Amino acid sequence: MLAQQLFNGLLLGATFCLVALGFNLVVGAMDRLNFALGETAMVSAVLGALIMTETPVPFPVAFAAATAIGGGVAVAVYYLSFRFVSADFPTASILSSLGCGLVLTAVVTKAFGSHQRSVPDVLSGVRLDLGVLTVSGAQLVILLLATLLTAGLYLFLERTPWGTAIRAVSDDATMAGLLGVPVQRVILLTFALSGVLAGAAGLLTGLAYHSISPFDGFTTTLTALMIIVLGGLGSVTGGVVAALVIGLIQTLTVAYLSATLRDLIVFILVGIVLLVRPQGLFGRNAGVLERV
Amino acid sequence: MSSFTEAVVLQVGISVLLALGYWIAVSTGKYSFGHTAFMAIGAYTASILTLNFSWPLPLAMLASGAAAAVAGALIGWMALRLSMLYLAIITFIFSQLVNLLISQWEYVGGASGMIGMTGTTVPLVLGCVLIVVAYLVLLSRSRLGLAYKAIREDERAATASGLRITRIAVGAFATSAAVTGVAGALSAHQLMVINPELFGPRQALLIILYCVLGGVEYFWGAALGAVALSLLPIYFDWLNEWYEIVYGLLFVALMIVRPQGLIGRRGGGRIRLPRIPAGRERESVG
Amino acid sequence: MIRAGTAGRVTAGLTAATLVLAACGEGSGSGGAAVYRIGLVTSSAGPFASNAKTMEAGAAYAVKLLNEAGGIGGTEVELVKVDSQNNPATTATLIPQLATKQKVLAIVGPVDSAGCEVACTAANKLKVPIVSPGAARPGVLENARPYGFTIAQPDADNSTPVLTKIVQEKGLKRAAIIGDEANATTKAQADLFRSVFGSTGVQVVKTATFKSGDSSFASQVTSVASAKPDVLALAAGPDDAGRIAREVRSQGQTFTLLGTGSLQSGGAAYVAAGGKATEGTLAAAQYDPHSAAPAAKALLDKAQAASGQAEIPLNFAYAFDAVHMIAKAIEEKGVKSDSDGVVKGRVAVQEALNGMRNHQGMADATTFKDGIAQRPQLRAVVQNGKFVIDKSAG
Amino acid sequence: MAEPLLRVSAVTKHFQGVEALGEVDLDVAEGTVHGVVGPNGAGKTTLLNVVSGYVPPDAGRVELAGRDVTRLTPQRRVPLGIVRTFQNIRLFGGLTVLENVLLGQHGRASTGTRSLWPLRSGADRRLRAEAEQALDVFELAPYRGRRAAELPYGLQKQLEMARALAARPKVLLLDEPAAGMTAEGRRALVPRIRELRDEGLTVVVVEHDMDVISNICDHVTVLNFGRRLTGGPPGPVLASNEVRTAYLGT
């Protein structure tokens, strides 16, 4: 059973990982948090599930549509909550994006009701029996797509000119701007990418949970926040590792202790890390170098 | 006064208390995302005292203020040196902890909570608001209030001026928690029902919205925000399912037009809050 | 600079403005009109928004039927709707608003237990009868008597005999329970299952926990499966229960799924979330959407035709009955529709509701016992994508 | 020389393995102006940070009038008399000019419940009058109600010094007071610092402008690569070969 539980945890971590990466991209580029990202994932998942149930298109098309919707919503959120909101007031874009999240939830509730929406299975006939654990078709799809997207993002950031530009802006936006990097467009791209990741995460989470609730958004954002704090703000590797760690902790807590303690254990872990090592497990030594 | 007017005044009054309490912490530049923890501590302390020990409500309110202040001082002492985001997270975690403890504690009814508290009256609420407003008027014209503003502006410059920022900020946080605790006690004895659900992230967000909608520069901005936001659902409930959409869009629009809130000056001064990824302040404070 | 005076002035202004606004609201209600006003507390936000909408439709339909039949003794009934946005503080203000400003004789709603706890307690304090068409959490009316009523009977009383019978008939031996310990309603359901299994000698081989609304159930189901039960008791809201069912079947498990009456109440949501995986789920039930009782059948058929729904949801029927029971109380006591008599009228309605026996409505027979409806004890099974009342086993 | 007012002995500080200060000594006599000079990265600002308490040294002591203050936080050193300015000005930008100076007095003002008394009440009248006077001295009076961030750079520097002096320091640490100033501003700086010294204040100044240094200092210490290179009266020290080599590089 332990092997099966570990696999469950890994799977949960893989879906967490995608939203956390999206969250992290925006933090890197703008030093601002997009609190509507969880709702972006939720909207993409709801519409993705709708496409899967209402149209005969195969899953990959629905998945692509969900990522596109995620990207679009994230870009809209960028214009509403970031582009024209003054950076002098750090609370402004946080509240504004929370407002966007509220609107997204309300719109979905209004259009589709407050009940959870069922997400149809994929590859429901497939079952791999590996002895110590069995893997369903949906789980295979989730793991495969999450890994592909994470690796793709990594390669994009490291190997392409646009990826380099994103890293430059996240390192020092002013300097990057002086060097001719089109900062605004790079930020827009970052938001779109974060939305794509969130959209993918939303639908994959829906597959893993079998359904999606219009009220999932805030929890998703919160989990992503815990992950990037644990892994270190802006650190891609840290984000991936922290996502897997939190996925495993949550699963094992539920399996061997109690679901009531699930979030608590994660919270306490993050709290301790914050107080003892505020730069996160993988963060750079932020703050120590500032000269007076 | 009809019971409707009374209910409106009570609700607005308690919201104003919550906003003012929160503003005290914000005036030192510290945004908490867990003030519901202090509300819960206040509400439960007072409810235990009035229900199980038959204390009169005003006395129980004092006790709940004290209990919340102790908790506030403790969490403030641990967390106030953290940067804005981290402080928000730590306080949120704290509120979740409190919530969980309450929901597992059978003495206070666990997840079903407590029921049957009464005694919140209009004079009591208005009296509390008046006391807090008087305190804040005094504060905003005093050296202590100036010190709060200084810490909000620039902690390093504040240390250079000899301000003992940890002590001042923890004091502010504890005062803020105390007011919030009293508001929690009043709210419990108005609703007559409390359970852990009432003190979740939703309420925490609402308290922040009161302050930020009104503007954090002056305390009466926060009070105005509280009045507006607590009257909104009562007088605009005809919006029905459009309500939340309008409500969300209101914030989006407001933050574009007036990021400083309804009251307050725009730009000009460098309102310097720490950059998000900044780690712990380097100097050992306290 | 330090602004002297401004603060004080503004604060005074704010206080004055609040009072004026509140006072304005007071007089504006058209209390004198010759109609019977019934309040309706709904919520367009939060996880019960859909249930609230169903309830609203049921209440509106009831009022429509009443008025088409000439109202109560020739006087029309008006439904006054307020929306709590799922916010307890707002609810606490809306009840006095209905009571003083709108001068309603009685209130229908809220549909959820948490909302009812606040609303019913507040209404009881103001001596306004209030009937919830859905609150079934144990103790929900604790501080709301004698004016608070709920048509939904808590599972503990309603489901226990039925579930005991199911367990015995099926010869179940090993049971697992899955529930949310931090939620009062599901915790009560878990306790109910424990007592049923305890009294029937079924061994509880595993108890798994979850948190409502937000988790993957893979881990819990893996744990449950490893204990090899022959029945899994679902102490969960219908949405969560549906997802649990999906996870159980997707892990290839075949044990029986068992739910309380609440699961059948939210049957549509359960089946929507769980799909095919819910087939064969057994549950207790207190409402039959295809009742054979003549009074209920006539009303149900008419409602089906009017609403175009193949099956009338529980909240619709309960809200419908709530309105009709209030109307019956008004008629019985000869309550006047003028605003002066409203206080006396409320007392009369309360007394009539408390004394009402076997009201034959859309949801069969209802009798209030200490404010809580005593409902039929039925048994249901999911067949072809919906809960069907198993009439053979009455 | 009598017992120095400020004594720094054998202070060492490493930043991630790099030595910023190595066993640096500094004795500052009461009522003198002491210059700390050296090329970029020599450790001047770090030394100032150690003296003011912003950077805890790895080893060594800081004493004020014989009292060990090495372990005190910056805000505890202010009431004892160690007050500083910053290289990149740190004012309360959103507060008014007058409020900035009032904050400088904070360590001397009453604390406890008295700190809640209105600023205009009797208790604070003396301090307030003093703050107004300071504004006059630093030619800031016309701007008293303006927000500090709105002032031009030169006036901001003046304000920072006024705020520092409002704490009535025994030792004033100035970090590059002339940097970014106009020629006129620099000229005004020299007599002002001299005046302060004549009133009995002890000043430690880090500065690149050698004209300013040689005009105001009674004594200079030269740092290079975190080590004390030499020290003495400004004329001969600044003219020495060692110092010239250090500045011009080798």
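Per-chain residue numbering starts at 1, and chain names A, B, C and D are given in the order in which the chains are listed.
Note that a contact is a pair of C-beta atoms (placed from the backbone, for glycine too) under 8 Å apart; a residue touches a chain by one contact, two chains touch by 3 or more.
Bear in mind that the values here come from a model prediction, so they are computed numbers and not experimental data.
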Chain located farthest away, centre of subunit C as origin (C-alpha): D
Chain centroid nearest the full-protein CA centroid: B
Between B-C and B-D, the pair joined by more C-beta contacts: B-C
Length of the line joining the C-alpha centres of subunit B and subunit D, rounded to whole Å: 40
Rounded Å distance, subunit A centre to subunit B centre (Cα mean): 30
Rounded Å distance, subunit A centre to subunit D centre (Cα mean): 49
Residues of subunit D engaged with two or more neighbouring chains: 54-55, 86, 99, 119
Sites on subunit C at which at least two other chains make contact: 2, 44-45, 49, 181-182
Where subunit A touches two or more other chains at once, by residue number: 106, 109-110, 260, 263, 285, 288, 292
Touching residues on subunit B, where the partner in the complex is subunit D: 138-139, 141-144, 146-147, 149-150, 153-154, 156-165, 268-272, 282-286
List of subunit B residues in touch with subunit C within their complex: 2-9, 11-12, 14-16, 100, 103-104, 110-113, 115-116, 118, 126, 129, 133, 136-137, 140-141, 187, 190-193, 195-198, 218-220, 223-224, 227, 230-231, 233-235, 237-241, 243-244
Subunit B to subunit A touching residues, read off their complex: 31, 78-79, 82-86, 89-90, 93-94, 96-97, 100, 103-104, 156, 201, 205, 208-209, 212, 216, 241-245, 247-252, 255-256, 259-260, 266-267, 270-271, 273, 275-282
Residues of subunit C that touch subunit A when the two form their complex: 44-51, 53, 180-182, 208-211, 213-220, 222-223, 226, 239, 242-243, 246-247, 250-252, 269, 272-275
Footprint of subunit B on subunit A - complex, ascending: 27, 31-33, 80-81, 84-86, 88-93, 95-96, 98-103, 105-107, 109-110, 218, 222, 225-226, 229, 233-234, 260, 263-264, 267-268, 270-271, 274-275, 278-279, 283, 285-288, 290, 292
